[in-house]
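Have a look at these structures, which come just after this line.
There are two complexes below, and they share chain A, which is joined by chain B in the first and by chain C in the second.
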Partner chain A sequence: MYVAVKGGEAAIRNAHRLLADRRRGDRSVPALTLEQIVEQLALACDRVMAEGSVHDRDLAALAIKQARGDLIEAIFLLRAYRTTLPRFGYSEPVDTAKMQVERRISATYKDLPGGQMLGPTFDYTHRLLDPSLARDETVDEPERRDGDDTPAMRVSDILAEEGLIEADGEVDSEEVGDLTRTPMEFPMARDTRLQALARGDEGFLLALGYSTQRGYARSHPFAGEIRIGEVDVEFHVPELGFAITLGRIRVTECQMVNQFQGSAKAPPQFTRGYGLVFGQSERKAMAMALCDRALRAAELGEDIVAPAQDEEFVISHSDNVQATGFVEHLKLPHYVDFQAELDLVRRMRGEHTRRRDTQDNMPEAAE
Partner chain B sequence: MQGTEDKAAHAARQKRLSALASADGRDILALWEKLGIDPACEMVRGPETGLIALRGRIGGGGAPFNFGEATATRATVRLENGAIGHSLTLGRDRLKAKLIAILDALAQDAAMESKIDEMIVRPLQASLAERDSKRRSETAATKVDFFTMVRGDD
Partner chain C sequence: MTIGTDDGLATYNFAYLDEQTKRMIRRAILKGIAIPGYQVPFASREMPMPYGWGTGGVQVTASIIGPDDVLKVIDQGADDTTNAVSIRAFFAKVADVETTTETAKASIIQTRHRIPEEKLKDGQILVYQVPIPEPLRFLEPRETETRKMHALAEYGLMHVKLYEDIAKNGHIATTYAYPVKVEDRYVMDPSPTPKFDNPKMHMSDALQLFGAGREKRIYAVPPHTKVVSLDFEDYPFEIQTFEEPCAMCGAQGVYLDEVILDDRGGRMFVCSDTDYCEKRREDGHRGHLAGDAMEAAE
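== the complex of A and B ==
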């Protein structure tokens, strides 16, 4: 018999009221504004947009504030919000070659055309806590220098001139995969896999990428190029009959270049892994590129020996909203399930005891 | 002949809508107020907010793939003279979408078109270009100048 129980409404109501109070904290401290979060916690907003899979800085800031800074909760809020909106259509593919570059580095070529531009990076800082940030001190305007506006050449194009690197990457299907519209199926085409990775959990992909560097599916990666900057979003508007620019978004692109010894399927050459993420999210873009490359094992005829190469394992567990939903549902009432388990364990234990007792009382036949 | 005129008109409209969509809603509103007009218009659709699925290309230039979505707002208006204007822009700024649609409709009149281009579109393009050039020079200042260390063996 299944018995439904009710109750807890008042407790829940009061818990949420308490949450609102704790979220606000000490009332003598000014409340955070969304502008402050957008401007001063910009990379938190970037992560929430990337994994929430919705580009909207103000919404990301609101989600962060509402989640008290719990980024996975904020990502969850953004994902829930996106389900309430109609889909207008698909953009034209963004052209990262025409990016307004704010950072562009290569670990493979020192003197590449366009140069190494560090941009606003944490690299080369000493990671010493800066007490001056505890106060609101005046910050200097950035240094400026005349720059040229010729688009920065892709590192992959340099290697392509010598024929030493594979092409950008094609997919067999005419239709572009979209896992927000069709349920996941394995094996998965590379386009759909990249979509899953782009919204995947940064920590999970980082750990898997790291595992490939430590020898679990070793893929000899080099950061061929990382670029961060703004790209135009173009969209074909049916009412107009032509495409217009809808605005700009900042993205991080990572082109990982991997040495490859060749297999029955492909000659020795440099292969590639690709990462493309909202905002300034370098770690995520690099991890995504490492995972993309590792997941191409079957396509390139490599042995599948490590977790990072296992498509179903990686893609099924990369989404932190799904993961948190299933892990955290364990704390919801399971009273009836547990009652059934309790009965089962009692019965098994009783049988176990009975069996042991019967064995103990058996005459020792052999002697 | 008609074909080339259509093409030129398309290109002008495309440029205008792109420049307006790329601008900040507050800047458009400020310039709009300077225009000093208040045309009667009827909302045919919206302003309504939805999502645009964003695409990139594998490796930068290969097969397209979806890498996320962005909020976008669109509007369609009809002026008293029957002209229809459309807009679509990233973000959730409804007033911006409405203003762009009105400007799109107004610009179908040649005299209004040059006024809008001069007083709204060109200033917006100029401030975007200025912002880009500022950012470019800030980035350029972080460019690495490599130099070779000479080892003092002698």
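== the complex of A and C ==
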């Protein structure tokens, strides 16, 4: 009945109350603690921190709990909080060569200074469901050895010594682009593009990266190096005149090494695709590196033939908070517009019927 | 001025956004007013409601609202649709302003998909929530191209589209978000209001502001500005007309919602603007179903 649209206020209140009830679930089951989420669903926290653009495990855990485990909803919660925080400035670039490495692998060299370290990886596990995890069984402490403090050199630096790979590129200015503070413009500078990719949806970038491997802008990639570990974040304080360390964050870095035949602009050499993500997220870092390389097509003078190379297409659709908002807004009322369409379709159908009737009644003059 | 939450954990600035952000948005608004119909890029923020729920309109309102303002929020013309209720409650909480459902009493009206039936006055501001600010978007998906087309006032493509509609259907098949030309210069998307509302934008006494949060654009139509719906001499622009008056208040020449009454094709038409309809009924106007509907509501 007409009254159906009334009472929005009470309906919203009751819906939220029901949501809180479903979030809690069966009251006889203990409530999840944030510590449990941080410790035991660490990779979910990492994804929420990365795409939410805030490095804070506890807040990520809170967002995951509040979102009932819906990670995109959790990312949204964190973003909406982030945007209210004051900005003090931008940190110094993190130096991943000085990373305290927990995992470091290269697919291009069998052995290299600093060694290959598998770290806590799913790789080479057999994906057999493990019923013992259903119980709270004691887990052995990991093997540990004393780390040597010599930093592991980057694989890209090995190639760079011979001039086989392009240089890292010069930064034009001290100012770093920030798409959360300035309106997005195309074409983008690479720093802003990398920021967009780092915040971008893992699934979307994964699919685009995959498409480049299947021939839509093939880039012959090699995983030159993937490293996961902790880096210092330094902040230059003008009053002090030097940079101080604010703390450490865990990041995943991927350097893709891509074949490049050379062009009118550049000699044949390997080119780079770069991925850097908060936390441990190799899939995202690798997908990001593939996309970064594909998006450098114009810069390297390559033909733009595939979706992954199309900056406006990729960057405009990579943000899952924007995407989910606009897709899901279709459930908001649209009856005013629908009424307008109804009216038009009815009118056009009426005209169609009248036209057909007049035709039917006409003598068959053509014969 | 800060507004605290119940638990005292977090505090938010007046009207949620920090003052720096408001200043940035006000600059964009001023630029928009200076160049009517031109889409000004702005660094849209994440808001505590999803993109698509009116984040652009909410940011514009948050940037212009002051403690003395009176806010009205409508969605589909109605004050009591869930999203309108939610946005109104948001500002009541973070800005502690007076809210109203009366069009005449409001200093700021945030809207989605409608312009109130009652004529807006000098001093009022109408804030539109805009999903896709670019009127050329469905003809040319690239922002880099459409910005060029606006810069050169190259709008032939839009006229071709409208012409093709007529050639194929005998009508211009755009019924909402019907493109307008502002002050003889920029072609502008009026947001997905039905084209019925387009004439209300022309020479309006009120300031009209448009916010698109996800697409990061703000644009404006200052008071007393020409807003002309695109058309052809032999196919002039026409608004929708309804065959029957509002079943509740008997109003004619207003936009109506079709309400399905049963599963046997029974339907009624009622004002989409709930405030307008209520006012008329208070004044004693009655539609042919008013008695029945009233009873059913109780």
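Operating definition for what follows: the second predicted complex is superposed on the first by the 336 of 367 C-alpha atoms of A that agree within 3 Å, B and C clash if a C-alpha of one lies under 4 Å from a C-alpha of the other, contacts with A are read in each partner's own complex, and residues count from 1 in each chain.
The rule is simple: contacts are C-beta pairs under 8 Å (C-beta built on N, C-alpha and C of every residue); 3 or more make two chains touch, one makes a residue touch a chain.
On a predicted model such as this, the values are computed, not experimentally measured, just so you know.
Q: In the overlaid three-chain picture, which partner chain does A:101 touch, first (chain B) or second (chain C), both, or neither?
A: Touch partner of A:101: chain B, not chain C.
Q: May I ask you to decide whether A:80 touches chain B, chain C, both, or neither, giving the answer as first, second, both or neither?
A: second
Q: With the two complexes superposed on chain A, say which partner A:312 touches: chain B (first), chain C (second), both, or neither.
A: Touch partner of A:312: chain C, not chain B.
Q: Under the stated touch criterion, which partner chain does A:163 make contact with: chain B (first), chain C (second), both, or neither?
A: In the superposition, A:163 contacts neither chain B nor chain C.
Q: In the superposed arrangement, which partner chain does A:321 touch: chain B (first), chain C (second), both, or neither?
A: Only chain C is touched by A:321; chain B is not.
Q: Which of the two partners, first being chain B and second being chain C, lies in contact with A:131: first, second, both, or neither?
A: neither
Q: Which partner reaches more residues of chain A, chain B or chain C?
A: More residues of chain A are touched by B.
Q: So in the superposed three-chain picture, is A:343 touching just chain B, just chain C, both, or none of them (first/second/both/neither)?
A: So A:343 only meets chain C here.
Q: I'd like to know which partner A:235 touches here: chain B for first, chain C for second, both or neither.
A: Touch status of A:235: first partner only.
Q: After the superposition on A, what does A:195 contact: first (chain B), second (chain C), both or neither?
A: So A:195 only meets chain B here.
Q: Of the residues on chain A, which ones does chain B touch that chain C also touches?
A: Common to the two interfaces on chain A: residues 82, 86, 180.
Q: Under the stated contact criterion, what part of chain A meets chain B in this complex?
A: Residues of chain A touching chain B: 49-50, 53-56, 58-59, 82, 85-94, 96-97, 100-103, 110-111, 115-120, 142-149, 154, 156, 167-171, 176-178, 180, 190-192, 194-195, 198-199, 232-233, 235, 237, 239-249, 251, 253, 255, 272, 274, 276-278.
Q: Tell me, which parts of chain C touch chain A in their complex?
A: Its residues touching chain A are 12, 16, 18, 41-48, 50-53, 55, 75-78, 80-86, 89, 112-114, 131, 142-144, 169-171, 173, 175-177, 192-196, 214, 216, 240, 248, 255-259, 261, 268, 270, 272, 293, 296-297.
Q: In their shared complex, at which residues does chain A touch chain C?
A: Residues of chain A touching chain C: 1-3, 5-9, 11-12, 76, 79-80, 82-84, 86, 179-187, 312, 316, 321-322, 324-329, 332-337, 339-344, 347-348, 351.
Q: Mind pulling up the chain B residues that touch chain A in the complex?
A: Touch list, chain B to chain A: 10, 13-14, 17-18, 21-22, 48-72, 74, 76, 86, 88-92, 132, 134-144, 146.
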